[in-house]
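Which chain is which? They are A, B, C and D, in the order written, and residues in each are numbered from 1.
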């Protein structure tokens, strides 16, 4: 859907630079992605106690600027959207603000800005203020048309994904219960209850295998081995099904051309 | 197969609410799924010694009710099935009870109910009584049409699954024997017999890698590394084959439309 | 290729019971598969020092009988093959013995039998005699037509498998060299040479992750993290490619029908 | 593209032996691949302090010869390329040298040769000189037509790969931040900052699971378990998508025949 901006000099150029609806990647978008990644690097530095205090102070200061930049970008985009025939006039504006992506973009900076403006005493190092920065990720959603690809693939294979996830959940619970019954008496700390055994089951069936808990009795090892062999496939199935749904979308799109 | 219930007021509505044959998900089914999940959460809480005694007592009490609810649901469904033209009359009833899913539903509550009624002295905390609760999972089978999808995919790729599972089994045994021969003298506790080495082989080839046992001699490491590189693919193959069988089913279903 | 045996009473029945060429699974074959699996269970028991001596003695005694049974089965099959029009007469016999599967079957029992007959002083517990038992696995090859499915899938995707295996090999070597350079000074025992770092690289890229060696310096962790994220896909690729080759074979076979 | 060399005796044969453009694998190429693999084995031996000094000296000496052999092969190929009608005459020579693969081949030996000739005092055991040997890997690129297959598959699924990689990156960061917030107070050394928690997140989501860090609080374990179950699929997706792109290329190539 190519929306040709028709008049309005600067506003038209601003729109062409900033709008995110067309699937093409503009330099304005690249700048925003860069800012998001930068802001997470800065956030990571601020939390690191081994970093030097002056480095952390600079990171923190730069990081406080980012919601302002996002707000400016948002305001600019709202203003510039009038350059598009789709969003011109009061009806066009209503259409513009009815799209959920606009509100994701707004949520990406509003909470942090509100804290900076309304609670000036709260420093950026308070734990829950840092968590607000995760909202910035919402901007990425509005940016990558490709994420819609993921949503589409999940919807295509929905029933199969649900079935395999349910099967994986049942396998997790059944194997945790089995190891609780078998290994519980020998290792009460690791297998002495079903929630504890579930930690082992998740670590095993996802093949993470930290190695903090594992069965030690011969029967426990035999059952765990069988569970691992069967389970590896079960937990890997959703990824395989999703990958195939992606491939199918690619094939159909190619076929349409 | 849409079975239109025709007459009989409450019975007809009950049937529409409870019957599970149509692939559509009714609120009655949602309630049953919720009960099953709840019952497993309760079971998990009961086994946790770190939970407070009164919490565990409540969990245990609520949990004892669940087979009664399942029994009531089963009885209701048996009664209401007469509203369907398929299951009306003595011949229809026989047809109803000949379906295996009905008996899975029955098995989902019957053992626990029998213990509660016939062995009132046995508390719900006895280990083997808890294991009876796993029977409740059987209800899920009768519920998700999607599980039939899994069974179908396994049947579609049956021969290939068998071949790759057999190959994985052979690789497991051969690599366990090799490491038993190579590492056995150096680490008798971990590799001193083929069953012991099999525990290492399962943990390695499924890529769980707990880290409780691993080769330490240079030759053992070289062989284990080679086995890991080759083996990772072999043990992951069944999941990949199954995922493709799922995709193929999806494609054929779409093609038929 | 259905080979209808035409005459010869017992010989014809024996052939129908034992011959393995037709892709159908006969009871004779099931018995042989059972014997092979049994023989590996026995071998495993014999090597376990924690097993009781009398159990191990029985296992060992039964195990010595198995190559005799295989030899008898082989002799019976050679004799019975004359019942098939394909292998009748001197020319048919030559055709029979020219097939490689016949020789795999022969190798499955010949080495062990030779040791029992020619070196009667060598007990079955000598390490290298036990390794001879791995030859029995060869019998499985002649049995499962499905293994030819694996060989076919490998051949179909040959060039792609080679390319991804070569890429995985390069990634292994490059990441081992990088960690050797970065982590070597800090952990000479684990990363002090490229062969040592390769052990880490194999455990990481196959996602086994025993946890006996891992980087501890910040730079080492950053590089190892990047390698893990990129590498997991690379090492898992051959399995994915192979799974797709399997699926393609299934689809073509179905298309031909 | 079969390039029939037409005249010029030795030169023509040399070209047929060495040129790498045709997708067919010649003995000359096999020799070069053997030399590359050998050179990495030698490099690995040189770095191993447990190897005997004389072994390491021999490895080092042989290894110094390899760039000379590559240079000779390069010179021979430049000379012999005149035998091909494509690269004959001054215009053909310009075409020959304009191909990037020729320069990869050149880079494969030039840096090491330059060090040996210009800095004769620098021994082969200096760390950065060893790293130069990684340039030899470039020769492999010019050799395997199959690597172009990998590049092509990556390009085919480009947008989907980007989307899933971005999703995996977001999941990594979000789960590291979550565990930093939850587990940070309990385990400051392992989860006390986002960069530290990222090390856990990478090890968990790639399913490597070294086991050096893992959550110990109940809430941390619950969140980590959920992240592992969701994340395993996310991080495995790119490999699945890539495997499907490979399969699609194979199918299209077969369809064209």
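We take it that contacts are C-beta pairs under 8 Å (C-beta built on N, C-alpha and C of every residue); 3 or more make two chains touch, one makes a residue touch a chain.
A quick note: this is a predicted structure, and the numbers were derived from the prediction, not measured.
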Message = Using only Cα atoms, superpose subunit B on subunit C and state the rotation angle in degrees, rounded to the nearest 5.
response = 90
Ask   = Relative to subunit D, which chain has the most distant C-alpha mean position?
value = B
Query = What's the call on subunit A versus subunit B, same or different interface residues, using the half cut on shared numbers?
reply = different
Key: Between subunit C and subunit D, centroid-to-centroid distance (C-alpha), Å   = 30
Query = In angstrom, rounded to a whole number, how far apart do the mean CA points of subunit A and subunit B lie?
reply = 30
Ask   = Taking each chain's centre as the mean of its CA atoms, how far is subunit A from subunit C in angstrom?
value = 42
Inquiry  = Residues touching two or more other chains, restricted to subunit A: which are they?
reply    = 195, 198, 203, 207-211, 236, 239-240, 243-244, 247
Note = Within the complex, subunit B is touched by subunit D residues 207-211, 240, 243
In the complex with subunit C, residue positions of subunit D that touch it = 40, 43-45, 47-50, 127, 130-131, 134, 137, 140, 144-147, 149-150, 168, 195, 198-199, 202-203, 206-212, 235-236, 238-240, 242-244, 246-247, 250-251
Note = Residue set of subunit B touching subunit C in the complex reads 156-157, 159-160, 162-164, 166-167, 170, 173-174, 177, 180-181, 188, 192-196, 198, 203-204, 207-211, 214, 218, 221, 225, 228-229, 232-234, 236-237, 239-241, 243-245, 247-248
